[in-house]
Amino acid sequence: MAAMPGTPFALPLPTQAFPLILRDVACARGEARVFGGLDLAVEAGGLWLVRGANGAGKTTLLRLLAGLLKPAGGAALWGDGRAPRTVPERAVLVGHQEALKPALSVAENLGFWARFHGVTENPWPHASDPFGVWALADVPVRALSAGQKRRVSLTRLAFARAPLWLLDEPTTALDAAGQRIVWELVALHRRRGGAAVVTTHAKGTVDGANELVLGEAR
Amino acid sequence: MTVFLAVLRRDLLLALRDGAGTWTVLGFFVIAVAVFPLGIGPEPQVLARIAPGVLWAMALLAALLSLDTLFEGDYRDGSLEILLSAELLPELLVLAKALAHWLATGLPLALAAPLLGVFLHLPGEAMPVLFASLLLGTPVLSLLGAVGAALALGARRATVLLAVMVLPLAAPVLIFGAGAVESAQTGLAAAPSLLILGGVALCALAVCPVAAAAALRQAVE
Amino acid sequence: MVAQALKAMHDTVLRVAQPARFVALAGAWIPWVSVAALVFLAAGLVEGLALSPPDYQQGETVRIMYVHVPAAWMGLFVYALVAGLGGVGLVGGHPLAFHAARAAAPLGAAFTAVCLVTGALWGKPMWGAWWVWDARLTSMLLLLFLYFGHIALSRAFDETRRGDKAAAVLGLVGCVNLPVVKFSVDWWNTLHQPASVMKLGGPSVDPAMLWPLLLMAGAFKLGFFALWLARTRTEVVEARLRAAAGRLRAEGGAR
Amino acid sequence: MTVFLAVLRRDLLLALRDGAGTWTVLGFFVIAVAVFPLGIGPEPQVLARIAPGVLWAMALLAALLSLDTLFEGDYRDGSLEILLSAELLPELLVLAKALAHWLATGLPLALAAPLLGVFLHLPGEAMPVLFASLLLGTPVLSLLGAVGAALALGARRATVLLAVMVLPLAAPVLIFGAGAVESAQTGLAAAPSLLILGGVALCALAVCPVAAAAALRQAVE
Amino acid sequence: MAAMPGTPFALPLPTQAFPLILRDVACARGEARVFGGLDLAVEAGGLWLVRGANGAGKTTLLRLLAGLLKPAGGAALWGDGRAPRTVPERAVLVGHQEALKPALSVAENLGFWARFHGVTENPWPHASDPFGVWALADVPVRALSAGQKRRVSLTRLAFARAPLWLLDEPTTALDAAGQRIVWELVALHRRRGGAAVVTTHAKGTVDGANELVLGEAR
């Protein structure tokens, strides 16, 4: 991977709103309660690894942190007293879904997200290309392999200026090299003051990471 | 503003490139209108008599059909959640998407309608009014449709829901739109109907984005 | 004997149909065919617009015929050609047939559109309406739709071969429309006039009108062949470029 | 046979449960027909005159609209590949899906049409013929549509493609179908048109599954 | 997991058609060649682990083995001389895509696939439920978590009578327990004479497995 100077990774991050604190939070999907009584503090430079069986509520937790779900109980608040919901642009979520349009090429898709994240000039070759998808620039996303799609989707992180990264099983479908890049990016992001909450089913751990294991029941 | 333009640009690109966009709507419109003489028979008087109604009704259906994908694609692939978490007001997001929808469907419909009018023996005098009425009326459909699409988001049977929700609201547009063309056809003044259409368009512009934005926030909960 | 002759013919066709050979041959032919088309066109225009008499009933508007009728013939002919090429491609799997079909379809659609437009322009003075829904006009409109379907389908897939095959199926199925266009004037009571040139028992048109008509028909046909050769050549070259780009991507570190 | 029934069953279940199924098609049909009096005006003679054409044309469009999802869902989620690798002949698979489509859309359309005919002042004598003509004609639409849907599978712009492909082929069905109703309305014999429709239906039954199966095999390549 | 007697796992498998042999096979997607010169023999009871970078052609290979793609060069033949294409019901493919209808419940989806694979009686509770999705029987698939979906999709293996399993990154989105079940099922399948070709990005290996690494170029 290559995170060159002059790329978004070299820009300062708006980290003053940390920590993001959850206190006795409960969450429901549909009518069913998924988890409850959760306490969590996400600090600047921090990393939480979220584990748990299938259906334990990992994805649900990330959506809560992104402000897409309201807690069914308890409180989730940023350091400046605002709920995740009311302060967008604070977190970037890369979920199970790729947020890519199959009909558009890789360059068109990434161009859109770059503009969305405020990178106004042509993102390439100025921005970094951590996952090496530049070679696929003209290929429509529908013709990509599963791992290639994920690489393109994760490249969005290189444009985002949000201090909090929410990554839902980011290493899914990636080969060994791709997985390594994910963890290197997370480390880089933490060094510049960002924080990350990452769900994973893999066993290894990461330097200075906190672990959260959700619901023992399946 | 960048985000507004980025969304507008991408949606237009998608409409020209992909399934439910400009080509589908235009194709549907042309074919739907062409189906009538086949079913009803070739008599010019009958065709001319029903031409304003048929053209407007089919334009309405064509616009309606393309609406169920207005937010659906973004919702399914996870883009909508990200878009809603931007510094852009959701109201502006709705506006950008409705504008893109109108540019990609309403405008081509208005442009194509006079040509199809020829096939239905609509007299030449009525053509400018047909064009003008669609130019004023189709934005209302895009805006009303945005509300409907946002409300129906993630619902099963979105298309019917959408149709059932939007149609009663769009009925006045249809009545005044077809009415204007009919007036022009029979030599009456079309201006009053057109003015009413313009008024409706302004109201829709003021109200619909707010309503749709509220519905969107609900949908990604 | 016959078998041998057939075999020789088949071999010749296959040899010419080698894409590489075809590109060279087309390059040699295009200028000649184009020049011939222009000569026919000039002669036909002079004959049709200046020398031939106005019709005793239709007056000067009859001159629309010299565009309308050749365009109509070409619209039908090219569709049959496209369908035939598609059939050859489906059965024989020869890429050049698909390239040729793909190149011909838009030309045929253009001819059909010209026929429809000139017919409409002619219809206004003759019938008092741009358009009537009689069997010939309707079936010709359907032919245009079939062309559109063919063009859209052949370009709708990432894998060009799939588009070609799908379009070939559609082209073959759509052939049922051709006799309807041709014979609609005989089968139904239409406003459009029945055949007077291409019919059993020879043409029943005044030679002064027949000549320019035939010249224009020749011009349209030759012009079509020139454009068709050029477009087919482009298709062949494009396919090669695409294949090369694919190889490059596969080798040059795509992931 | 088990697989045939399993596919039939599942598709019916999906049609009743999900988006592009029975409810959408019926909703579209009702709304599209209801739109006409709004656009054309309430005069009973005019409405009655165009009723057969409008009902048939809208039934055709409604069936057409539901067709683009005939194989699309299975194709996208990977089911189609699995289904095609079964011991079931692809022709039978097509037949099962076309039958399910007809049961889920054509039949309800035929049942609903007489009711809508009342709104368009279609005389009572014409109702049985309307029903019969749709009963014979809608299977052809499902079968032709299956070919179109299989050809357009995975294509960009599938909906337009489908419409552009199916419409020219479906035109005779429309002409004879609406013609039969019109004959009945004006007191002429409807039987000849109905017989032709029946003949067309038999031909379609023989030819279409084979063509569609060939197209399907292409699609999953 | 529980593979009870009387379930499909206890039934004999039609394995006489093995081996499936690829000789000098090349494969293309669209216009582009993905890999070439591949030799491979899948024997009864065998297991191939297919590795390779993202876009190397793993999914493409599985589709070829399932008969969904024709080789662009070389030959792929079963022991009885038939191409994969002409003999369906020999292989079952569980791919990146789930082949589940979001609107239908878990029971309805699985019921369909059971009937499809010739299990005519109600599959539950007769058939085995290796992934424990019975508890979710009435939940519509659209309300499942990513891992739950994958579990349902993999349950199809319990109904299939095909001797060759083609699994495309089957452990994706599964928690540790789920991943273990996959490997146990594969072992069980091999013991009754079946074979499996499994793509994976994970590092570990399996007893008696052959390894195939696709395309070193990336």
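The first chain written gets the first letter, and so on, giving A, B, C, D and E; residue counts start at 1 in each chain.
Throughout what follows, a residue touches a chain if its C-beta (ideal position, glycine included) is under 8 Å from a C-beta of that chain, and two chains touch if they have at least 3 such contacts.
Keep in mind the model is a prediction, meaning the values are calculated, not measured.
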Margin query: Strictly by the touch rule at the top, which chains does subunit C share as contacts with subunit E?
Written below: A, D
Checklist line | Length of the shortest touching-chain route, subunit B through to subunit C | finding: 1
Item checked: Farthest chain (mean CA position) relative to subunit E -> C
Checklist line | Centroid comparison with subunit D (C-alpha atoms), farthest chain | finding: A
Checklist line | Length of the line joining the C-alpha centres of subunit A and subunit D, rounded to whole Å | finding: 46
Notebook entry, point to check: Any idea how many Å lie between the Cα centroids of subunit B and subunit E?
Noted result: 46
Checklist line | Separation of mean Cα positions, subunit D and subunit C [Å, integer] | finding: 33
Note to self: Averaging over Cα atoms per chain, report the distance between subunit B and subunit D in Å.
What the structure shows: 25
Checklist line | subunit B, residues touching no fewer than two other chains | finding: 17-19, 23, 31, 34, 38, 41, 156
Notebook entry, point to check: Where in subunit A do residues touch two or more other chains at once?
Noted result: 96, 103, 143, 147-148, 151
Notebook entry, point to check: Tell me, which residues of subunit C touch at least two other chains?
Noted result: 138, 145, 152, 158-159, 249, 253-255
Next item on the list: Pull out all the chain pairs that touch, please.
Entry: A-B, A-C, A-E, B-C, B-D, C-D, C-E, D-E
Next item on the list: Give every residue of subunit A touching subunit C within the complex, in rising order.
Entry: 132, 135-136, 139-140, 142-143, 147-148, 151
Notebook entry, point to check: Considering the complex alone, what residue numbers of subunit D touch subunit C?
Noted result: 147, 151-152, 154-158, 160-161, 164-165, 167-169, 171, 211, 214-215, 218-219, 221
Check: Of all residues in subunit D, which touch subunit B in the complex?
Finding: 17-21, 23-24, 26-28, 31-32, 34-36, 38-41, 46, 49-50, 52-54, 56-57, 60-61, 65, 156-160, 163-164, 167, 171, 174-175, 177-178, 182
Margin query: Taking the touch rule as given, give the residues of subunit C at its contact with subunit E in the complex, in rising order.
Written below: 158-160, 242-243, 245-247, 249-251, 253-255
Item checked: Contact set on subunit C toward subunit B in their complex -> 120, 129-134, 138, 141, 145, 152
